[in-house]
Amino acid sequence: MIFITRRERFNAAHRLFHPDYDDKTNLQIFGKCSNPNWHGHNYELFVTVKGEINPKTGFLINLTSLKDIIRRKITDKLDHKNLNVEVDFLLGKFTSTEVLCVSIWEQLEAEIQQMGAQLHCVKITETENNFVEYYGN
Amino acid sequence: MIFITRRERFNAAHRLFHPDYDDKTNLQIFGKCSNPNWHGHNYELFVTVKGEINPKTGFLINLTSLKDIIRRKITDKLDHKNLNVEVDFLLGKFTSTEVLCVSIWEQLEAEIQQMGAQLHCVKITETENNFVEYYGN
Amino acid sequence: MIFITRRERFNAAHRLFHPDYDDKTNLQIFGKCSNPNWHGHNYELFVTVKGEINPKTGFLINLTSLKDIIRRKITDKLDHKNLNVEVDFLLGKFTSTEVLCVSIWEQLEAEIQQMGAQLHCVKITETENNFVEYYGN
Amino acid sequence: MIFITRRERFNAAHRLFHPDYDDKTNLQIFGKCSNPNWHGHNYELFVTVKGEINPKTGFLINLTSLKDIIRRKITDKLDHKNLNVEVDFLLGKFTSTEVLCVSIWEQLEAEIQQMGAQLHCVKITETENNFVEYYGN
Amino acid sequence: MIFITRRERFNAAHRLFHPDYDDKTNLQIFGKCSNPNWHGHNYELFVTVKGEINPKTGFLINLTSLKDIIRRKITDKLDHKNLNVEVDFLLGKFTSTEVLCVSIWEQLEAEIQQMGAQLHCVKITETENNFVEYYGN
Amino acid sequence: MIFITRRERFNAAHRLFHPDYDDKTNLQIFGKCSNPNWHGHNYELFVTVKGEINPKTGFLINLTSLKDIIRRKITDKLDHKNLNVEVDFLLGKFTSTEVLCVSIWEQLEAEIQQMGAQLHCVKITETENNFVEYYGN
């Protein structure tokens, strides 16, 4: 069993808030991240897959194919976008880094399996001081 | 003459567009950065000042004071904000990194002079692949 | 189960030595790290906690609260200090990165639990070439 | 149980290809990495070992000794070399990052055990966008 | 006058040697970089251009156009290549980082001028411990 | 004219204070950096030299020789040391980053000239948030 990780990046706007609450309450719960005018980040996404090395290529997986899947399913939809309003698989969800990780896992899991590998971890770095990791249930 | 640089960070949303143009024209000129729903970045701001070493302290300038000025005049106003709609010194301007650099220079120049030093450079990193530097006229 | 990590930093002096040994013996065992005049590092501390996502906030934990705990219990006590002589929870201990990790774990474990999450890992980077991780017993 | 990691670096040339295939077929399978004239990388190698803290030193392991083993067994043989043609323990193998990780593990496992610790992970970063980890069978 | 910098990367093999000397002499002059079997690097290329901000766009230059020029003229020719044997504008030259910088400057200078800006600096990082900068004559 | 930079590192303890003042006054002027028990940093030192490319080697300067000079004259004396008490060329001086830069310049200038190049810049990074540069008088 070996693990390979691909990094991709996306620059996006978002806002943390609960639609049932007013701005003041959202400010109390979510702090400056609740700014109704949005803010944004340079997100780094690390996708780790695991499996056996193919004895005919020395690869666990073709990294170019992995990159293509991540871009098609995830970063093409998130890059230079507003995470709260225009990403199909995030509609109606919080855009916390925790929820982003789980949502991206759900988009990638089956695709990775079709490549003959298993999704192991989705990690997102929001700033240089915090990151979230999800390994499935 | 010696040069000292302080790094501060701000996470903000923005959009590149000309208010006289429609979305389609803005897309042609500004590309995906023109998204009407905004996107965002983790900006890094590097402020470099120059001057002589004070023989009583070994300092060019007190770095804590420099940090306080940068936060009060710049990053407290930009962090977790929308650069296009709620920053007093950016209203009516493009929010390209070039314009940000010049605008921040204008906010800091006199304050630095009052500390007994000279502003030398304002540098902003927008992504890991590009940055802008301004040294005054 | 999801994992979130917060990075904090502290700049400190320390020395590796055994109080029962003379300087020459300490030099043999601990090398240049045993310098009786001290040396120091820019330490990076990564605290990882795990738990479930709160469906009312999208958060595992409030990162600002986590930051406050780490600063109050750990980095306010370590930053710009001498790890061997003035930190209550390190007195009488080696100040190797290994012992630092375990000692910081002991300071944080109960506090994290009171936030409704579990401490998962304490990681300390001493230089760009080495780091230590502790996951509890 | 505690984990300590040492980073070492090596700059090397290599090529991904199967000796039974012609250049055209290798290009289809391995892409630009199959260039018959070679290409190269600044590889970063992270070796993680685990074990108990020695109560007489505060160390899991002497990091200088770990560094010496990694250099003698691995990076002295790989640095400024061609991974396909002049490294004894890689002869006849693919030089994918996956195979490099497993091969380095095999070189280090027994040596680490003789130091009184256990090899936990070999991680290699090939570019800023991808890395491989191996934890043994 | 404002300065904007674009980073691009290329992974390449090379060798430092003088064709008139034998391997032993080359080893004396160029050290391990003279290995006849090649070695390689992850090079980082920083291209800085300078000029005035266009009042109609807020840009000094369109960064996408700058990226396209750098890729077409430089990194498409260098990435996953052997710098000594298959790059038209390097044939017959040393492949030291110094010579690379000057050679890349020569390829880019006129192209940048046609964009209405001036090439200011070509910087290449060969390892994390060394880089070269060229500002023209 | 071309510029080449070598990075070296040193981990050291220090304290900012004026010997004529008591601890309380030093605290007012130098803040937490005046801690009488010392603190420390992982310093990064960047030495930039300039000159012409040697047409027989493609080098401005032999980087190994530059590294040897920096280590012999500077980092061997500073690494794992206390900057205030045991470094010959710093005795009686402040150990601010500004004074460090100027003092290192004075140690290196003549040595670099003997190599047939000119010292251009000494840059020291004290933390990830601040650095100082000195270019001579």
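Should a chain be cited, it is by its letter among A, B, C, D, E and F, assigned in written order, with residues numbered from 1 in that chain.
We take it that a residue touches a chain if its C-beta (ideal position, glycine included) is under 8 Å from a C-beta of that chain, and two chains touch if they have at least 3 such contacts.
The shown structure was predicted, so the numbers you read here are calculated from the model rather than taken from an experiment.
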| item | value |
| --- | --- |
| If a chain touches chain E and chain F alike, it appears here | B |
| Shortest contact path, chain A to chain E, counted in steps | 2 |
| Remotest chain, chain C as reference, centres from CA atoms | E |
| Centre distance in Å when chain B and chain E are each reduced to the mean of their C-alpha atoms | 29 |
| Whole-Å separation of chain centres (CA-atom averages), chain C against chain E | 42 |
| Distance between chain centroids, defined by C-alpha means - chain D, chain F (Å) | 34 |
| Set of chain D residues in contact with two or more other chains | 128 |
| Which chain pairs touch, all of them | A-B, A-C, A-D, B-E, B-F, C-D, C-F, D-E, E-F |
| Chain F residues within the chain E interface of the complex | 1-8, 48, 53, 56-60, 63-64 |
| Residues of chain B that touch chain E when the two form their complex | 16, 18, 29-31, 93-99, 101-102, 128-135, 137 |
| Chain C-facing residues of chain F, complex | 9, 11-14, 32-33, 35, 37-42, 79-82, 85-86, 127-128 |
